[in-house]
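Here chain A shows up in two complexes: once beside chain B, once beside chain C.
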Partner chain A sequence: MREHIEYFRPTTVDEAVAALTDEAGIIAGGTDMMIDLRSGSFKGSRLVDVTGIEELRVLKEEGDTVIVGAGVKIEELRSNELVRTKLPALAQAANKFAGLQVRNQATIGGNVGHAAPCGDTHPPLILYDGVAEVAGPGGREMRPVAELFSGPNRSALKAGELLVRFILKPDTAALVDFQKIGRRKDLAISRVSLAVLADKNDKGLISRAKVVLGACMPTTRRMPRTEEFLNGQAPSLAVFREAAGLMAAEMIEVTGRRPSLAYKEPAIQGLLMRMLLPLIRRF
Partner chain B sequence: MKITFTLNGQTASGEAAPAQSAVRFLRDVMGQKSVKEGCGIGECGACTVIVDGKAVNSCLMPAAQLEGRVVETTEGLEKDGQPHPLQTAFVKHNAIQCGYCSPGFLMNAKALLDHNPAPERDEVEKALAGNICRCTGYQQIVDAVLDASEVMRKGE
Partner chain C sequence: MEPLKYIGHDHVHPRVWEKAKGEPVFAADMAPDNCLVLKALRAGRHHAEIVSIDVSEAEKIEGVAGIFTSADIPGRNLMGIINKDHPVLAVGKIRSAADAVALVAAETEEIAQKAVDAIKIEWNDLPALMTIEEALAPDAAKIHEKGNVLFNRVIRRGDVDAAFANAAHVVEKEYDTPCIEHCYMEPDAGYGFIDDDGALAIVVCTQNPHYDRGDVAALMDLPEEKVRIIQAVTGGGFGSKLDISVQGLIAVALYHLKRPVAYRYTREEAFLATGKRHPIKIIMKTGVDKDGKLLAMHARFLANGGAYGSYGIAVVTRAAVHATGPYEIPNVDIEALEIYTNHTFRGAMRGFGTPQAAFASECQLDLHAEALGIDPMEIRLRNALKPGAVICTGQRLDESLGIIPCLEEVKPHYEKALAEWLKEPPAIPTRRRGVGLGAMWYGIGNTAAQNPSTAQIELGLDGSLTLFTGCADIGQGSTLIFGQLAAEVLGLEPGRIKIVSADTKYTTNAGATSASRQTYISGNAVVRAVSELADMLLTRAVDRLKVAKEDLELIDGTVRSKKDHSKCLTFEQLAKNLHHIGLPLKWQGYFDPDSTPLDENGQGRPYGAYAYACQMAQVEVDVLTGEVEVIRVVAAHDVGRAISPINLVGQICGGVAMGVGYAIVEEFDPGKTESLKDYHLVTATDMPEVLPIIVECPEPSGPFGAKGIGEPALVPTAPAVINAIYMALGARIYSLPANLERVMEASREAGWFERDDWFE
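Now for the complex of A and B:
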């Protein structure tokens, strides 16, 4: 532990942004930064603790959107009634996120800012067309969450930028689900995560489908060809099998044939099929 | 930097290095030796303490964030020379072997019972998922927490 690190706890976004020089790192819940400090992988000389900024803790409905402050804790996402009813896929991701102690500390902004490919909040944020308000030296701007990741553990945020809040669009589709596969039931790092949304029209056909795959590629992303294929189809096992094959092909286009593919290819296919099944049985 | 906070019901203060973890601060500066640094990376839960009513891993929290907060450690469980019902239940159910993980389990279990005095078995399991014990196999620990919750509700 280096002794020369400077610790600064601002109370406003503007103060924080002014303090975020190239040498500075952001700390909120600490669940990633404290590990980086311990291992020595954080090379900066200043920590900007953003937990004192009231604005980052907002969680409210606004028009047809839900605003989630970047400093909202994962446990709050899991237990909050507004999130559970309006953004169930996000609440489910929070429910499967690490253990209780980590959920009590970790923030949604940290999970996005850290940009780990397995970040469990990424698929639901993209599923709900999440847009982030980012504060920087030049003021504030809105950026789609999908564009906040530039690679594995590489955020597209620049030095001096701070995530303020996420604006999410709740969706009333009949099927909204998040599932992940890890090596154990709790406290598991996602090997595969999937957020899915689908609705049926009055003819019983899939009217719109959204599929967001996480943890398998450098960054979490939608699977557009899989979505297009599902749209307009009558739900059936054969259709789901074909969709699952398409999704695997889309993933391989991004990743190439990595050693883990022997496991991940059938795993993501089985998971997608299982998640789509309620379209046949229910709704 | 000077940290002033409430430790087990008493106002306390101590000098923390910038970026020092809460576990090192609580152990080395504040003498709370029940708080164990197990893995140091938030996997094992041995360093669990209660901050403002919530169980947290003190290895993942900078000491600076304890400023003005209400902190509970296992040192504060005993009241008037009597062990806390959780401690009694842990002994009764053999929920302890080497003991290294026990303070973390006790604080996590206390935070659970403070919020939910009558948890179901699966709620106890979910709450304790962030704590690792390599001796007991967990059944005794879950039994102990359920037993303690019953004792506490009866006010014994």
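Now for the complex of A and C:
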């Protein structure tokens, strides 16, 4: 651990942005930063603690969107009624996120800013067409969540930028779900995670599908060919199996062949099939 | 069994409150503020000669109080409870990345680390032998001068070849078990100071204070009375804290600096530098007759022991002796090899090779059962040890044979699970259900080796009672148990007996807290000591009260006539009287179980008593993702006699937790696994419902009939879970843990990805 690190606790976004020099790191819940400090992987000389900024803690409905402040704790996402009813996939992700102690500390902004490929909030944020409001030296701008990641553990945010809030579009599709596979039920890093959304038309055909795959590629992303294939199909095991195969192929195009694929290639297929089953029958 | 007053009832452990209140009872919290901080330089490479060590730069750093190497050790720089081969500080060469080469004492942790980083070592690397195949290769480098095979335990009895020739079904399989980290909650820690007697006093978490004293005294070439080990409250050990960890390093610095010093491992250092459970490759062949009766076993155990012996000899010996499981097999040919490699040493861990052996033998039984169309419960009942049975070492067992009672206790739960639970569809449609059995036996105490314990009870002139035991309570509850045993004999509440434990200045050797031996062995020593006192109290009371001994009773700190309660003497009155006639008010107890060494064919009487168990696991397996959820475990354990039922339940549930981890998730990958971030233990949410069933088949040689529970609790869980996964999937897993990858592979092998029937 570095011996001398400056500590700031601003109360407004503007103060925070002003304090975010090249040498600065942001600390909110600290569930990643404290580890980086102990291991020495944080090389900066200044910490900007954003927990004093009221604006980051907003959580409200606005028109046909839900606004989630970057400083909202994961445990709040898990238990909040608005999130549970309007953004069930995000509530599900929060429910499976780490363990209770971590959920009580960690924030959604931290989970996005850290850009770990296995970040559990990433698939639902992308599923709900999430857009982030980012504050920087030049003012504020809107960016799609999918564009906030430039690689594994590499955020696309530049030094001096701060996540302020996410604007999400709730969806009333028949199927909206997030599931993950970890090595245990609690305190598990996702080996595989999926956010899925699908609706049926009056003929019982899949009218639109969205599939977001996490933890398998350098960054979380939608699987457009899989989505396209599912659209217009009558739900059946055979269709799901084919969709799952397509998704695996799409993943491998991004990752290439790696040893971990021996598990992940069948697992993402199995998980997608399992998540689509409610389109055939309620359980 | 006749009900007893204090035994068989739940009492509160006398030291529970200080822990509950968060008082500083652990060594890391108790170390004085002015302590120097110690830090070892570890080799960081697997196998190498040390060409030179240059500490000149490190010594110049301000705040460094001393830097020590093996040259600073005056005595025998070799530790190890069974064979002494493990230097505290490396001499000439290192054999694993964990080997300590130099030790820094400094004012702060940061300075100590800086100095460690400033020490320069010139190495001459030697070939690193990491696998048993590499270590056994004919031209392999020698890790120790005597070669790479530390020990080979052979057990032969009967005619295996003839028996296989007559068998109706023979199966041979290869099993692999993983390296496991104990993950006790408290990382190793201790501190040292010079006490009032001028002794090197070391306060440390340990399972073995008197052994520690002997090895530290030899290390520093001091008489034993010049070393004092004080066991701090110990936050778990599971076998790892039997070895010397910080004790030797603290002694070296304390000896030279004569100032308080403290060493606290980080979790990372505890992971790197302390012993692990042996990974063992097991090749096991068994044969049965047409009724499923076991006829023969041929088994080979190849244990990757890492760089030093530790308890390795005991691990392979126990694996060999327990290879048959709790079943009679007349013909056996078993060999178990302890092999040196360049990994961090492997040592004792809850079960000493028995969990590994049970995994193989319990899978073998299910394989036979399936081939012959016999129910897994039925095949176990047919083979289970019955009075008069002769085990693979030739020992005849007549008493306290609890395996059939344990199987019978589980049977109704098993039948119900098959008839009802198995038929219900799982809530998640991609899951299949399975029910599996695992059984075990476990010899209590050291294997075929002397195994004594001692205890004393002191009667104060005020009638107070103090029990002295060298036994380290590491959370398992021996202090509670001894209090209950003494209370039962003396007829007063356990809370009225003060217990002094595991400080070598005040107590005598009780042996290690290992091998599930303390209740049985030290418990007997305690009962014998307090029985001597009780007898003396009664004898004196006969004289004073003029009442026959058989008409007297000990009750509530008095001796009184059963018929006329007014004829009564308090312990205080009796103490004064005994003192007056010149008796020293301290009584001794000693116990060593009836065992013999094993001969060259492994024949002999390895243990005085055996515990038995059967567990059933109910699991759900997701055939499309490889996820396994252990839903429920029914665990029947023959403990001889339950002294503290609530403690038994705690041990059983804890054992099941560890067993579930061993079955499905835990694996230490040397060189990769650094800490709890990448070593997965099961969490509270992963725990199945556990139904503990306490079975009591009293052991005539045990204290009030008691045996042990510590290790048995863990042993049957993994085989039960693996057998249940087999039922769910229709494909068997031969390597632990049954993690996501292995279950997925088995599921694909069974064709689940191509099948639709799981959805029907």
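Definition applied: the second predicted complex is superposed on the first by the 281 of 283 C-alpha atoms of A that agree within 3 Å, B and C clash if a C-alpha of one lies under 4 Å from a C-alpha of the other, contacts with A are read in each partner's own complex, and residues count from 1 in each chain.
Keep this in mind: a contact is a pair of C-beta atoms (placed from the backbone, for glycine too) under 8 Å apart; a residue touches a chain by one contact, two chains touch by 3 or more.
The structure displayed is predicted, hence computed values, not measured ones.
S.K.: If you count the residues of chain A that each partner touches, which comes out higher, chain B or chain C?
M.R.: B
S.K.: Check whether A:Leu237 is in contact with chain B, with chain C, with both or with neither, and answer first, second, both or neither.
M.R.: Only chain C is touched by A:Leu237; chain B is not.
S.K.: Looking at the overlay, does A:Pro137 come into contact with chain B only (first), chain C only (second), both, or neither?
M.R.: Touch status of A:Pro137: no partner.
S.K.: In the overlaid three-chain picture, which partner chain does A:Leu187 touch, first (chain B) or second (chain C), both, or neither?
M.R.: both
S.K.: According to the stated criteria, A:Ala98 is in contact with first (chain B), second (chain C), both, or neither; which is it?
M.R.: first
S.K.: Can A:Thr51 be said to touch chain B (first), chain C (second), both, or neither?
M.R.: A:Thr51 contacts chain B only, not chain C.
S.K.: Under the stated touch criterion, which partner chain does A:Ala262 make contact with: chain B (first), chain C (second), both, or neither?
M.R.: Once the two structures are laid over each other on A, A:Ala262 reaches chain C alone.
S.K.: Kindly classify A:Leu277 by the partners it touches after superposition: chain B alone (first), chain C alone (second), both, or neither?
M.R.: Only chain C is touched by A:Leu277; chain B is not.
S.K.: Contact-wise, after the overlay, does A:Gly204 reach chain B, chain C, both or neither (first, second, both, neither)?
M.R.: neither
S.K.: Shared contact residues on chain A, chain B side and chain C side combined as an intersection?
M.R.: 3, 99, 185-187
S.K.: Show which residues of chain A lie in contact with chain B when the two form their complex.
M.R.: 1-3, 5-7, 9, 27, 29-31, 34-35, 37-38, 47, 49, 51, 75, 98-102, 104-105, 185-187
S.K.: Using the touch definition up top, name the residues of chain C that touch chain A in the complex.
M.R.: Touching chain A: residues 110, 427-430, 622-627, 629, 665, 680, 682-686, 739-741, 744-745, 748, 753, 756, 759 of chain C.
S.K.: Give the list of chain B residues in touch with chain A in this complex.
M.R.: For this pair, the touching residues of chain B are 1, 17-21, 24, 40-43, 45, 48, 54-57, 59-62, 64-65, 108, 126-131.
S.K.: Which residues, counting only chain A, touch chain C once they are in their complex?
M.R.: Its residues touching chain C are 3, 99, 181, 183-188, 191-192, 237, 262-263, 266-267, 269-271, 273-274, 277, 283.
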